[in-house]
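These notes concern the structure reproduced below.
Chain IDs A, B, C and D follow the sequence of writing; residue 1 opens each chain.
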Amino acid sequence: MGSFKGHALPGSFFLVAGIWWTGKYSLWHATRRNKSIGSTRLAGRSLQRRLEIIENSVVLFFSLVGMLAEQFLADGPKLQLYNFAEKHWEDLMNWQHATMYLFFGLAATVSLVLHSTEAAPLALDRLMLAVAFFNEGFLFLYHLHGRSMLDVHVHQLLLYAVFGQAIAAFLEVFHRGNIILELLRCTLTILQGSWFWEIGFVLYPPSGPEWDLTDHSNMMFVTMCYSWHLAFAMLVVGVLYCTVSCVVRSRLKRTPPMEMGLLKTTERDAESEDDVL
Amino acid sequence: MGSFKGHALPGSFFLVAGIWWTGKYSLWHATRRNKSIGSTRLAGRSLQRRLEIIENSVVLFFSLVGMLAEQFLADGPKLQLYNFAEKHWEDLMNWQHATMYLFFGLAATVSLVLHSTEAAPLALDRLMLAVAFFNEGFLFLYHLHGRSMLDVHVHQLLLYAVFGQAIAAFLEVFHRGNIILELLRCTLTILQGSWFWEIGFVLYPPSGPEWDLTDHSNMMFVTMCYSWHLAFAMLVVGVLYCTVSCVVRSRLKRTPPMEMGLLKTTERDAESEDDVL
Amino acid sequence: MGSFKGHALPGSFFLVAGIWWTGKYSLWHATRRNKSIGSTRLAGRSLQRRLEIIENSVVLFFSLVGMLAEQFLADGPKLQLYNFAEKHWEDLMNWQHATMYLFFGLAATVSLVLHSTEAAPLALDRLMLAVAFFNEGFLFLYHLHGRSMLDVHVHQLLLYAVFGQAIAAFLEVFHRGNIILELLRCTLTILQGSWFWEIGFVLYPPSGPEWDLTDHSNMMFVTMCYSWHLAFAMLVVGVLYCTVSCVVRSRLKRTPPMEMGLLKTTERDAESEDDVL
Amino acid sequence: MGSFKGHALPGSFFLVAGIWWTGKYSLWHATRRNKSIGSTRLAGRSLQRRLEIIENSVVLFFSLVGMLAEQFLADGPKLQLYNFAEKHWEDLMNWQHATMYLFFGLAATVSLVLHSTEAAPLALDRLMLAVAFFNEGFLFLYHLHGRSMLDVHVHQLLLYAVFGQAIAAFLEVFHRGNIILELLRCTLTILQGSWFWEIGFVLYPPSGPEWDLTDHSNMMFVTMCYSWHLAFAMLVVGVLYCTVSCVVRSRLKRTPPMEMGLLKTTERDAESEDDVL
């Protein structure tokens, strides 16, 4: 995966995931806040559940594709773990990336089961997400032996976002539906996504001169750059949140309250899934 | 204890403990969820208490056996701490292992007292468990001086599980009966157990060639292997939890509701021990 | 910013901020405690909101001034990031300081929006503050490469206060209006302010001999000195809190209860902003 | 303070404090549990308050004595901080110890004010205690430069107890009156006390041969020894707690319930101080 594409691809996934989650949680939150004026029509419990099932199916699908791609594309190990002829491990990098995808796949599977059968408390999906992010960070942590200074540094900075996501998701086990924690996790997901792109540009510049990977002033610039990515991620989440809030409010104003009264009776006890915890 | 057996033995204990706990907590949780249809018949408070007493007696028994075995078996120090003739400490490893068993024995003793006399709040048993795991990790942490790289690494990975268990048990002091935390602790216990087996296979391979303890690619493989053990432990806990849930539900359906009504009056206020906290 | 003034200036800002916050939170707390005897007249909800808006406008103004000053004063980079002629980064220090100001500016902006529009939960302002402090500490952490021992040490000590503020502000997301946490944060802010002055005196003594930056006994003295600054900050906060409490109580005694009864009806449901969370 | 006495003295203080706190919290807890059968007679609110005032006066007195002793005894700096003639800091060790006492004195002062005037929330006394322990650990942390291996190690082990106390006291800010946390803090206080004695015996053996401070097996023994001290501290706290519980229960049985009924009315709303938070 030591290539520009190899970093841009997961980066794009995390960017999309972060933006999607921001939209989703903003919508749920706006819905809950305006419940009194009948907004549950926009996002009732059955819609919420359907969305969760679609989201997790997509994640599961891409995890499987990712695992297969790591194994069977050009330089993959093709499920062979140890090369007995030459006595060395076969493509450990690819195996590690496949393991990361495996945990996101597991989290999506558990989430699918939870939202379609009620077999266990909903909070389990956040624990699985926390474990998946923790596992990603754990593998990255022991991934960096013997690389050059700047290479190690940009990957270490990534760990702030990854372990931050793990902690935020773990806290959500106890504070489910807390919009502050949800937006924090969205921000860190977008940060992780945009930082993957940055790593690609720094280590494998698609055009222009190579970076000096041992220069200390480059390291200082990269550190500051990480702050800018964080500010950018906060900006994106902020703009999205405000847009969704405004749209929900304006759509509620346009529909006459009469119709709402009729709807309300049928949907009264089928509102937000998180309320029934 | 530097042998294959010396790692397989505690590994087996932790595996059994993890599986037993998963079954127990799954049963309590299924019972509490289906309370309305009279499931307390399956696991009333007196049964729960009896189970806790049996469990802790078994743990206490094995702790005592473990301490005696460490002291008096073939190469044990036979309660002699300092060899004044040759001026060195006698078998510090055995003493350290005996100390670990001592803390698990203490935790079991306190738990026995709590569940049979109500002398103190129940949450104390989780604190004692947290202390026992913390003490195990603490001793392992200062256990590794001067060993080869891979040896140190596999034991450090073990510490993730051990300190993870300590933290989960400590959180249970404040969130007792939270099934998410309980399952997390079970998963980490099974992880610890299966990792002890892995350590045995890596450091003292019973068959086949020895591992190169200084090769960095071995270290990277072992790190990834730890993730697989975690995934395996999550799978075991997941399957067990679902099985227990299904069995409880199917048994409740077979028994007619009439009989339940009669039982309910006598057991109404003797249900789950955790509810009365 | 490597000068006495460059440390005294932010130090003064944090000192003022810490004292202002102590006064504000003490006033709110005294108001809430004496609510029954009509104290809301002293600090009703609309006054509270107006104060927050003024405070955040001032913070925003100084953040902007700070950013512009770092860029355009004598030795600033004048918005040029990379010197292509000489192939090096332009004044990274100034850029880093401007980044720190940027985050405090963002926190103030979000706070302004929250207190004037109710677009999102109020707790978000504490999260933004926590992020701003975390970002400050994060940039300082990677700021210290290749400096002399004492220089590194005094900046590391600063990090205790900075990360302490970040943690306290993050805890306030979940325990908003907890006066203990608020006073803790005020204490750490004053500590940070006075420590910036101390750093100025140690590294750039305006008069007298220079300090030996490699002497270990200097380092030990500086460590102890940090404790004294903490004690001093606690003293300042304690005295301010008691003064405000006494003034509120004495002013309430002087005004007759009659008048209060008249005011109470109009302000009954417009009291402290934090109560309505 | 580099002597046997210099470690035995603070050790004795912490041992006494730990035992005293265990007794106090056990008594409060037993009182609250048996409230229904009129036990508040044994420990009503006014008694509780009087005890707190006495306790904190004693702590304040010994803090002052400690500070004066460090300054004016034989080898003290006599309030002189810098020796301008020989250009070095005067007895930094004594100054550091005096600083530690200062923070315990501050905590006691604040606690005195809180329990006699109700000026601020009671939880503040736990925060001050947490700060005092944190400060102690903070100063010890930077206290160890250039000492021999075993000397550093025994002091580092001490930090587990000290920072553990700080964390337990900080958690009590949010979970006041939680007997589990209180007993944990008592255990760690006794551990700290007995470990100070151990440090004295290891570094300055009053009789017998000196320890080899660079031998690694000594270090391993000392680590294990720390676990034994912890087990011993848990035993002491356990025995004390059970004794107090039994005594309270037996005294309540001997007094006839009649008399209790008469007392109850006058003390109904003056029971445990912690209940009114």
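What we mean here is this: contacts are C-beta pairs under 8 Å (C-beta built on N, C-alpha and C of every residue); 3 or more make two chains touch, one makes a residue touch a chain.
If you want to know which protein each chain is, UniProt gives these names: A, B, C, D = Transmembrane protein 45a.
Everything numeric here is computed off the predicted structure, so don't read it as measured data.
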Gap in Å, rounded to a whole number, between the CA centres of subunit C and subunit B: 46
Between subunit B and subunit A, distance of the C-alpha-averaged centres to the nearest whole Å: 32
Subunit D residues counted as touching two or more neighbouring chains: none
Chain contact graph, described as a line, ring, star, complete graph or other shape: ring
Chain pairs in mutual contact under the definition given at the outset: A-B, A-C, B-D, C-D
Residue numbers on subunit A that touch subunit C, as the complex places them: 160, 175, 179-180, 183-184, 216-221, 223-224, 226-228, 230-231, 234, 238, 241-242, 245
Touching residues (chain side subunit A, partner subunit B) in the complex: 88-89, 92, 95-96, 99, 102-103, 106, 110, 119-121, 123-124, 127, 131, 135, 138-139, 142-143, 145-146, 173-174
